[in-house]
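Okay, here's the structure, questions in a sec.
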C-alpha cells in the first residue's frame, strides 16, 4: 500500500472519531489516524502499557524514554492524563470503556469476525492487546488492504485464519472501500478512487449489500460531483 | 533493616534454569542494570515471563537474542525478530496469552489467587486445552495464576524498605511482577531515605520487595533514537 | 466536557430496588453527602454491596439502620447491631464473604473478569454450594465477579474528568468499587481543575467515573469521638 | 476475663514478636498486644483496610478520621508506611507476607483448627479478614478464655463450631495456659498463675502433651522461683 493510500485510509478512519471518545489505536496505519483528527473533535487516547490521555508526538530532542506508547515510541500527555499498570489498562478495555479502536487485519468476515494475529505455519508475532480490543471495544474499525499479495480478497465470507475475535468488527476501511458490518450483512458504504463499485465487488469474497447512496472518496481524477470526501454519507 | 544490596548479591539469586519474571513493555521499565548483570554472568536456560521480548538490544530482548532463554511466556514477540527466529527453529518455546489476560494471570499470582476467569479468547483457538466454567450462562476460560522464582522490576525511586514508585509509562507490568515473585528484586534509579516517599503515592508497598539495588540507568538506545545522534546500535552477539 | 453534577442529579440514578455498591471500611471512605441524600430521598429496598454495614449512624449504616436495605453482600456486620437484628428477624438478607475474597470479587467485576479462584475458605462451610476447580492438585473455589447498577465512592480530590485520589485509610474499597459500578458516582471533598492532579498519583483514572459531585464532608461523629466534646450521637429513626 | 488477665494475655502474646516482623492484630484483646512490644523489637503493623506501617494511637485531639485501623479507631503511621486499597491489603495476607497474626477464637482444636466466626443459630457478626489471616499468616497466635461461659473447654479435640480455617493455629494463649500446636500434638508450654498443671488439664478437652520444662507466668502469690515470666521457656 502506498503512502497516499495509507494516509487516505487513516484520514477516513479519523472521520469516525466523535467528540469525547476514548480511543485506542493499534500499531501501524492505525497509529496514523491521530494525524487526521477532525477540527473541533477532542478524543482521549488510551495506551495498553498504562496511559490514558496520550498526546502528540514530542518534538525531536524532547522525547522521554519513559513516556512511550504501546509500540515503544515517544508520546506526550495532555492535562487530565493518568498513568497506571497494564492490568488496569486492560480493565478499561474489558469493561467497555474504550469507545473505539482501530486495528489492522489479515482477514475480516462479512459477519465481522476478525483474524489478525496468526498464520498457521508462519512466524507469529503474538497476540498483544488485539483480542481484548477486538472483543471489548464499543466500536471496532479495521484498516487493511482489500486484497492480499496473491490478489485474494481479505474481506471473506468466512475467515480462513484462526480468529482474534468473533463478530467484533463494525467498520472495514480498505484501499478500495468502506464497508459496514450490520445485522443485515456487509453494506458497501463508500468506494475509494480510482475504483468503481464493480471493482470492489470483483475483489470482495464476502457478499456485499449495495444500496444508495454510495460515496466516492478521494482522487483528483474522479468526477468532482462524485468526490465529496464521503463526509455526507459517512456511516454514523 | 535495609533491603539495599549490591548487583552481585542480586545476581546470586538468578541462576541457570530459573524462572524469571520481568517488568517492562517494549523494554521500557525493564531493569537495565540487572539485565546487563544477568547477561555478563552468563545465566542460561531461563524460563522468562513478561509482556514481550523487547527489541533485539533492549530490555529482556538482549537475553533472548543471546540465546539465554529456553522458554518464554508472553503476549508479543514481534518487536524482536530474534525471538521469532528462535521460536521457528525450535530453540525457544513460546507461549502466548492475550496481553490483558497475561497481566491478570501475573497479578493473580501476585495477590495469592489460584487464577482468574476470563472470556477474552472464547470462540478462538485459545480455548484449546483450557478448562472453562459458565457463570450466568456465559463461558469463561480458567486461567491459572503465574508466579516466578525471581521477579525483577525497574523503579524510578525506592526506599530501604522496598517501597517503589515508577516513571510514567515505565510502570506497566512492574507493580504486578513485583508482587508475583517468590523473590523480588527492584532496581531503582534513585534510592531515597525511609519516610521520603509519600505514603499516598507509593505504588508498590515494600513488603512485596525482597531486595533493592541501585540502577545505573538505561544503557541501551531506544528504537526511536537516531543512530547518528547517539552512535550505532549494537546487537550483542548470540552466545 | 465535565462530569461534575449536583447531588440531585446523582440521586436520580439511585432508585428503589437498585443494587448499590459503596466504598468505605467502617464508614471511613463512605460518601457522607450521597448517603444523606439517599436517606433524605427515601430510597428503599436496596441491595447493597460493600465491606461492612458501618456503625448505626455512620456510613452505609444509616441506611441499614433505617431499614432501607433488603439485602447486603458484605464481609462483616458486627459494628452495626441493627444489621444483626434485621438479619435475625429476617427483614434483611445477609451474604457473607471473607473480606479479601469480597475485595477481589468486586475488583474482578471492575476489571471485566468473570471471577476469581480462591482457596480461602476451602475446608470450611464456605465451600457449600460453590463450584470448585483444581489447579496443580490444589482446590480453589470459583467466586464470580460482582458489579452493581450504581457505585458510590468518596474521594478527597477529583477533577472534572473524574480522576480521583483518596485520603489515607479512606482509600480501602473505593478504587475497587469505582471500577465495578455500571454507573459510578464519586463524591469529592475537593474538586480541582483538570491537570492539577499528578498523573503518577491518580489512584482511580477518571474513565471509571461517570459523575462527580461536591461533598459536604463527614456529617457523622466517629466512634472514637467523645460525645461530650461533639454533642450526643444521634441514631436516625428507623423508617 | 478481667482487665489484668487480658493484659497478661496480651503481654504474653507480645513476647512472640520478633524484630522485623510484619504483624496483623485482630480486634479486641489482640489489639492490646501493641501496648506490650518488648524493648528493642521493631515490628511493622498491617491493617486490612489498607495501611502498612500503622503506628501508635494518636494523642487525644490529634486523631484523623481518615487514618484508622480496621476496627475504625485512629492510628498514626511510621516512616516508610504506605496506603493501598483493601485488595492489595489482602494480597499481602494471601501471599504470606504477614509474619504473625493475633486473633480471638471461639474454639481451637488440638490440631490447630480454628473456629471464630459463627455460632449456628446465633447472630453472626460476619467473617471479616479472619479466614485470610488464619489460613495465610505464617504464625497464628490465638488469644481466648480457656473455657466458655458454661465452663466448657474451648481447647477441643475437635471443633464443634463451623471452622474459620483448618490446622492454622500455632500458639494458643489463654487465661490459664500457653499451648503450642505441633506435629506431635498440643504441647503445654506455660501455665498462668494462679493455675496449676492439673487445673489446666482438667479444663482442657484436648489431649495435652506435658513435657518439662513448663514455665509459670505471673501472679504475685506464686512462688517466685516458679514465676520467671516465662521468658526463658517461651516457645520460639
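In this document, chain identifiers A, B, C and D correspond to the written order of the chains, with residue numbering beginning at 1 in each.
Basically, a residue touches a chain if its C-beta (ideal position, glycine included) is under 8 Å from a C-beta of that chain, and two chains touch if they have at least 3 such contacts.
Computed from a predicted structure; not experimentally measured.
Common neighbours of chain B and chain D under the contact rule above are C. Averaged C-alpha coordinates give centres for chain A and chain C that are 39 Å from one another.
Rounded to whole angstrom, the centroid-to-centroid distance between chain C and chain D, based on C-alpha atoms, equals 30 Å. In this assembly, the C-alpha centroid of chain B lies 34 Å from the C-alpha centroid of chain C. Touching two or more other chains at once are residues 104, 111, 113, 119, 166, 168, 199-200 of chain C. Within chain A, contacts with two or more other chains are made by residues 77, 83-84, 87, 90-91, 93-94, 136. Taken as a contact graph, the chains fit none of the simple arrangements: neither line, ring, star nor complete graph. The chain pairs satisfying the stated touch condition come to A-B, A-C, B-C, B-D, C-D. For chain B in complex with chain D, the residues that touch the partner chain are 1, 110-113, 159-161, 163, 179, 194-195, 197, 199-200, 202, 205-208. Interface of chain A with chain B (complex): residues 47-51, 63-74, 77, 83-87, 89-91, 93-94, 123-132, 135-136, 162-166.
Remark: chain D residues 19-20, 22, 42, 44, 46, 52-53, 77, 79-84, 87-88, 90-97, 136 touch chain B in the complex. Residue ranges on chain B touching chain A, taken from their complex, read 25-29, 51-52, 55, 74-79, 84-85, 87-88, 94, 96-101, 103-104, 106-107, 119-121, 123-126, 156, 166-176, 203, 218, 222-225. Partner chain B is touched in their complex by these residues of chain C: 104, 108, 111, 113-119, 131, 133, 135-136, 138, 140, 142, 144-145, 165-166, 168, 198-201.
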